[in-house]
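Same chain, two partners: chain A is paired with chain B first, then with chain C.
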Partner chain A sequence: MGGLIDVMPGPPVDRDEHDYALWEKRVDALMVLASAKGYFTVDGLRRALEDMGEESFETMTYYERWIASVTQNLIESGAFTIEELRAQMEQVQARGDTYGEASLDSGKEQADA
Partner chain B sequence: MPEPAPNFLPPYWDADAAKPAFSMGKKVRVKSGAPPGHVRTPWYVRGRTGVVERVCGHFHDPQELAYGRGDGPKLPLYRVRFALADIWGAEAGFAETDTIDIEIYESWLEPFWDYGGDFDAQAARLEKELG
Partner chain C sequence: MPHDGHDHVSPSGHPYRPDQDAPLTHWQVMEIAVRELLVEKGIATAEEIQAQIDSMDRRSPALGAKVVARAWSDEDFKARLLADGSAACREMGIEVDALKLIVVENTEDVHNLVVCTLCSCYPRNVLGLPPDWYKQRAYRTRAVREPRTVLKEFGVELPGTTALRVHDSTADMRYLVLPKRPDGAEGWSEEQLAEIVSRDSMIGVAVPQI
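Entry: the complex of A and B
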């Protein structure tokens, strides 16, 4: 937040490694792909994160903020339209609440086979 | 601070970009102001005075890149050294040798002219600098 003083200092930082969910890894990969393809840069990522406001740092997780920012930047750069995004979100939602877990498990099964 | 080696060019040097206005060891003042948008200059050094520790080279302006405009001119980027006591005040308890280096784009820097209240010298210098 540009070195804004009144949001510091925070509590002690937990430096232990932790697992990331599959969707979080996908968000990270999406950012790498989108910048490699020239849709936007890390500057755009940071700008949209900052535009979400200080409260988003309390109410959203790290990769929730990232996917909101990546989506915003991809719309702005014309990678897809809002209508295309809406249709895709509807399609993914139709796969059911357990789709994320199912795709993880099926990946494991394929690897074990 | 050490003197730069003669003919030294920093990494990321772009011969076609604007020549840096400030050299190593030069005293500079960070501009004030709080424009909206993606700004890389930390709040706590705006309006403060530091010394150019090094010229880092030329880079596109992140204030423009952040909005998808990456085709503008490259700007000189500096590493500027500030005394922590200057930033946080004497009561913060920093030693004179406690410093912080911050990378700042040239568009946020202006020359610092300290004449110790000698306004005639300042006027003469301004006339010379500005024509």
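Entry: the complex of A and C
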């Protein structure tokens, strides 16, 4: 889980770093904007993360957990429904097999670049 | 791949960004869908989302380094910074939003190290987004269990006489380390000083070197 009390010290810290991908930065931005607009708080983000269970912390990356939590909080606060989300995800998925194809906005950015 | 023989070129003829040509994941689909729904519902505009990313991209350890260099050069500023980190940053035109920024000073006798054991709380407004290792379980557990060993791995060997304080960040309260000014930098300008202040030194896993 997120909070770690009784875990024995782990292996050496892996100091490799990666630049954040555009989709990760967007998740971050959605979190900041949605909370600034009052749809949920950082505690709501945290609560949904904790509810995911230990396995999520083994299998999902940081921003994967975040988008799951952001989405859940937005549904709970009535921003959109599960049904709307499902339909939109299907539409996105149908656009192609890469992020560049599926995200219309980034296609535009590339054309402008 | 959808475009045989043109794996790295989008339909517009431009290459994809390197991080966008891997197979689309479930969570990326969710990000795109949520973003589009928020725009469709009028909750956020595409411009707002991009502006938020741009503003995060502008935040880097260079901001924190400017604050440290000012504190090294101006005793009164340093006193204000240690008393109220958020207010002192604002004074320099650095917006820390609602975050309570607490600045802890490294001295001959005390070394400070910052961690977020829970997750990833970090003074992002003055350092940008945290490095991967800051969010890693190994760092989050070991920084409190065996901080001196962790520091050694990062290349910082503390004398046994130096007290080590580990600060656990929270969502509402972030720590920034004010590193000890190294000897030999007397008479340096703030700009020169800022150049030797690394991100890691403001987390406490490095010390400024000349």
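A few comments on the model shown:
Criterion: the second predicted complex is superposed on the first by the 88 of 113 C-alpha atoms of A that agree within 3 Å, B and C clash if a C-alpha of one lies under 4 Å from a C-alpha of the other, contacts with A are read in each partner's own complex, and residues count from 1 in each chain.
The rule we apply is simple: a contact is a pair of C-beta atoms (placed from the backbone, for glycine too) under 8 Å apart; a residue touches a chain by one contact, two chains touch by 3 or more.
Note that the structure is predicted; figures quoted are calculated from it, not measured.
In the superposition on chain A, contact is made by A:Leu74 with chain C only, not with chain B. In the overlay built on the shared chain, the residue A:Ser56 is in contact with neither chain B nor chain C.
Contacts of A:Gly44 after superposition on the shared chain: chain B is touched, whereas chain C is not. Of the two partner chains placed by the overlay, neither chain B nor chain C lies in contact with A:Ser35. Set against each other, chain B and chain C touch different numbers of residues in chain A, with C touching more. Shared interface residues of chain A (contacting chain B in one complex, chain C in the other): 2-4, 43, 46. Residues of chain C touching chain A in their complex: 1-2, 10-12, 14-17, 19-25, 27-38, 41, 43-44, 46, 48-50, 52-53, 56-57, 117-120, 129, 131-133, 135-142, 145-146, 150, 153-154, 171-172.
Here chain A touches chain C in the complex through residues 2-4, 7-23, 25-30, 32-34, 37, 39, 42-43, 46, 49, 60-64, 67-68, 70-71, 74, 79-80, 84-85, 88-89, 91-93, 96-107, 110-111, 113, going by the rule given at the top. Partner chain B is touched in their complex by these residues of chain A: 2-5, 40-41, 43-44, 46-47, 50, 73, 76-77.
Of all residues in chain B, only 37-45, 62, 65-68, 70 touch chain A in the complex they form.
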